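Heads up, there are several structures right after this.
Each of the two complexes below includes subunit A, the first together with subunit B, the second together with subunit C.
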Partner chain A sequence: MMQVQITGTMVLQIVVSGLLAGGLYALVALGLSLIFGVMRVINLAHGALLMLGAYTTYWLFALFGLNPFLSLLVSVPMLFVVGAVLQKLFVHRVVEAPELSSLLLTFGISIFIANVAMLAWSSDYRSVEFLTGSFILGQIAVSKPRLISFVAALGLTGLAFLLLHRTKIGKAIRATSQHRDVAQICGINVRRIDVITFGLGAGLAGAGGSLVSTMFAVYPEMGLIYVFKSFLVIALGGAGNYPGAFFGGLLLGLVEGLASLFLTAQLSEVIAYIFLVIVLLVRPAGLLGGRT
Partner chain B sequence: MMAGILWLLLAVMGGLAVLPLFASGYIISFTIQIFMWIALAGSWNLISGFTGYVSFGHVAFFGVGAYTGALLVTQAGWHWLPASLAGCVPAAALALLIGYPCLRLKGPYFAIAMLGLNEVVRALVSYFESFTGGGSGISLPPILSIAPVYYAMGGAAVAVTLLTYRIITSRFGLRLLSIREDEIAAETMGINTSLMKLYAFLLSALFPGIVGGLYAWYSSYIEPLGVFPLLTTITMIIMCLFGGKGTVLGPVLGAVLLSVFQELVWARFLFVHQAIFGALIVAVVLLMPRGIMGVLQERYRLPRTV
Partner chain C sequence: MRRAFVLALAGMSVSLLVLEWGAGPTWGQEPIKIGASISLTGTYAKPGKYTQEGYLLCEKEINDKGGLLGRKVRYIIYDDKSDPLTAIKLYEKLITEDNVEHVMGPYSSPVTNAASTVSEKYQKVMMASLAATTSIWERGFKYLFMTISPAEVYLEGLVELAAERGLKTIAVMNEDTLFAKAAAKGAIELAKKRGMQVVFHEAYPKGTTDFSALLIKIKSLNPDVITGGTYFDDAVATTRQMKELDVNPRMYGVTVGGDLPEFYQLLGKTAEYVYGSSQWEENLLYPGIKEFVAAYEKMWNHEPAYHSAAGYGACRLLAEAIKRANSLDSEKIR
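Coming up: the complex of A and B.
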């Protein structure tokens, strides 16, 4: 392996890009965390929904030249509808069932969506070449799409928090995730909250996909790794702990960046995985604590 | 009824034992594949069918078994049979490594950890190129006779099925089923659930390791993408679910039926076939959660140990 002198600037550079990636992880993980919080369902189709968001942006850009960041206005509502329909048709039947059912169900949905995408759009790697180049800040280069995606991810995460804390729907969602039965007794239509929550979660995944497409290749199976990463983020932050998911996302981005600096980028997923196993071993409730 | 089933099974096994004497090479290879899927689906059943903890990365055990077998044959000059059997050692070690931290926790931790495991092991195998040949894989000597592999793979299928029967008729099996039905209640009854889950997981990892070694020998060539495909895990899962999870003959039935369907209809359309698998998982979970065996057990009042 080539030995490279590691300088302070390099570390700073890695920390910055790691945090930028982490903001995106946090956004995607928030969607997964919301669904899990309300329904106790780990949505393994989350990555497939992210992929649909990425393709939405890709096609709008390739066919109409639409600005990828503006295409969020299409991908988020579209994925909201897809999520709500999935919930209405399938997922609601397994909300009360043992975990095995919901895991297998969403796994099946995920395989189905990914392979239909492959049939429709082939498994070619595609990219949205919209913004290239970097902003130079002192000695650090910050890639333009990454920075803008990070800002967009922060904005969307902020909006989601506002929705959760400042609106009646948000309050109902939080109440349902705290205690389903009591929420129902208090007059909350939990079935309806489930549909809205799944839609919101899917919308956040779609937003993540749109943003990811400006940086990385778009292909039908791109989503799987994000399910894993999102879950890692949740495990770091503690299940059901929404602010925890945010910091967990930043932490994951940081760890991956540092791993690629000190070891090799090829193994950054391996490092993330070992990180997960160690966290589960030492702090099963998550680094920042949370409900289990 | 039980006696009838037993006689039927014995007759089928007798027929299969003499099959290589007269059948064509194609039929023999196809039967080897069915044996492989019986062993794999049956192994998945041991952890996921019995305890309800879903393993989404079982192909990782198959893959490390394949690499162990291939390396022992090519580097250490072992005979293929002990080399394949040795595949269960790293598989069990890997299961212990992942199972110990993840199975102590309730909830989806185990499922997600297994989902990531396969990618991780594949990345590691590709990375340590000098040892594993990286992306270019390992070539094994061509096999001269297919019959020994046939019997070895058949032996693995029978062994997994017998093991499942042994478990389902034991107190250990009851403990596992009680974990699946209500883990907290099982704990209250004094069952050491973490330990039981870990045992089941170790048992479920052994045979995929062995079968992986046999597969490496049988196919004469392995490479990371070939022995760690997500599709293999998906196939194990759907075969076990379709046949009936938590039963002895369910995985056997699922493996035979779906292998035949696959061979006749879907093999020509790879992506369609994966999409169909996805849809089939959804359909089975929603419409027939207990699988074919579950339906048969209910309708014909078969004992649960079938």
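Coming up: the complex of A and C.
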């Protein structure tokens, strides 16, 4: 067995890959964080919504040859509607209830969606073979689909921030997240804000799914690991803290990559969670603190 | 109104009786129930489905030929989600609640390893169709039977070929589960025996999707051969990411994955020049293969994989054993 010499180039390569993966984690986690911030609802169906986004892209590509990155224009609005409908029909019942109720409800929804997907599309693995290969910069390979996804994820995250900070509706969302009752007293229709927020969160999950589909296999249970990673990201960045979710995402991508480079792939997940425990011990509210 | 209802009910039950009668020699006797769990979802879903199709084709053929011991055969199959713990519960349920006579194995070594403890406990025969890891068979179980060749030789062909061509260095990676570990171990031992240098060996957890760091480490060693003890998903992901990271060995092979038609469907050109390993191919010259392939394609509208053949074969083997024992008694079948 030869000793792997870890060179600067290798570390750089992993930093690049890690950040590229992290951008996507950030996008997915942002949607989850948004919903949690406004409604205190832990949305376990987030992964299922991501999966629906991925299938949207897959089918548009497989049937009509639509560019997977353009299909964001379809998947995001579609998932917005799905999210809004879920909120109207089910989730509004648990908004003020204890967190366990929302866990149970969204878990049920996620099982339902995943199984319907399995019946409709079978559990076959599918992939969107659109862009393969990479740009070679010096000695570093930057995967094409990952780079474009990263840029798209950053763009969408930026748009979401603009929406939250610059628009009236965004301000209403943040106000509701800060104090529901006071927001209501100030004349904000919090029920409506809930619907919009869940729609937005679902839209972001759908966008994440569309982007994931260009890199990894698409199948009904694909969303599960992203839910776990999103929890990690949110705990790292601070629950309900939106910039925190962004940096948490990038950080998780980096930690995972570097851990599997310096140690082994088997240990990378362990290290990610140990890192979380340490962060929680030192800064219990997450790296950037609680809600903004 | 009520009378009409009763009459209708009576009419229905008569017609049901007639229907059953029409079904042939098995009327009045319970079918022989054979149980199995299969990975229909989760990471082993792809080969799992082929296995199930093999079982069901075998069930149909036995029944078309008049059944077994004069009774029909009925398969009860549940989805174990590729999870050994779920499989344990399902086999417990099959044996104690569904009262199956005997069981067929699930797909994959890890799941079989777990599930066979249940069939052994109840002294039911388990005909394992797709569990290739040697250690499963070294536990002294009395009611467990094997149909395919062991995991350790999966990569034998690849390593032999590489050694013959004078390739010197090999890097091995594998999923951190029973079968993949054994396949990797077999490849490493054989490579050493043939004088090749094993420059790298690392395992990754089941469900890994991002192999960048692992592949970069391998790339830095620039081995002639890269091989993996893989299942389907990880084989697809590593193949794809090798291309993205510009990892170009002289030879590259996987265990499960490269042999399935879906590998090519998913990866297209990227799948070319990748070696796969198989337990069975339809152009082998054993008797009955042509008939099997034709029947399989007719029933499922696609080609069989080696998993289908192993499932089908194991099922026929159990049927033959029952026929020769002329009994469903575990001891006699053994």
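Simple rule for what comes next: the second predicted complex is superposed on the first by the 280 of 292 C-alpha atoms of A that agree within 3 Å, B and C clash if a C-alpha of one lies under 4 Å from a C-alpha of the other, contacts with A are read in each partner's own complex, and residues count from 1 in each chain.
Following the convention adopted for this analysis, a contact is a pair of C-beta atoms (placed from the backbone, for glycine too) under 8 Å apart; a residue touches a chain by one contact, two chains touch by 3 or more.
Values in this document were obtained by computation on a predicted structure and should not be read as measured data.
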{"item": "Room on subunit A for both subunit B and subunit C (clash or fit)", "value": "clash"}
{"item": "Touching partner for A:185 - first (subunit B), second (subunit C), both, neither", "value": "neither"}
{"item": "First (subunit B), second (subunit C), both or neither touched by A:10", "value": "second"}
{"item": "Which superposed partner A:118 touches (first subunit B, second subunit C, both, neither)", "value": "both"}
{"item": "Touched partner set for A:266, first subunit B, second subunit C, both or neither", "value": "both"}
{"item": "Subunit B versus subunit C as contact partner of A:132, first or second or both or neither", "value": "second"}
{"item": "First, second, both or neither for A:225, with subunit B first and subunit C second", "value": "both"}
{"item": "First (subunit B), second (subunit C), both or neither touched by A:63", "value": "neither"}
{"item": "116-124, 152-160, 224-232 or 242-250: stretch of subunit C that collides with subunit B", "value": "116-124"}
{"item": "Residues of subunit A that lie at the interface with subunit B and also at the interface with subunit C", "value": "118, 225, 264, 266, 269"}
{"item": "Subunit A partner contacts - residues on subunit C that touch it in the complex", "value": "40-42, 45-46, 176, 197-205, 207-214, 216-217, 220-221, 232-233, 236-237, 240-241, 243-246, 262, 266-268, 270"}
{"item": "Subunit A-facing residues of subunit B, complex", "value": "48, 52-54, 56, 97-98, 100-102, 104-109, 111-113, 115-117, 119-120, 123-124, 126-127, 180, 230, 234, 237, 241, 271-272, 274-275, 277-282, 285-286, 289"}
{"item": "Partner subunit B, residues of subunit A touching it in the complex", "value": "42, 44, 90, 93-94, 98-101, 103-105, 107-116, 118-119, 224-225, 227-228, 231-232, 235, 239, 264, 266-267, 269-270, 273, 276-277, 280-281, 284, 292"}
{"item": "Contact set on subunit A toward subunit C in their complex", "value": "1-2, 4-7, 10, 13-14, 17, 21, 118, 123-127, 129, 132-134, 136, 141, 143-146, 216-217, 219-221, 225, 256-258, 260-261, 264-266, 268-269"}
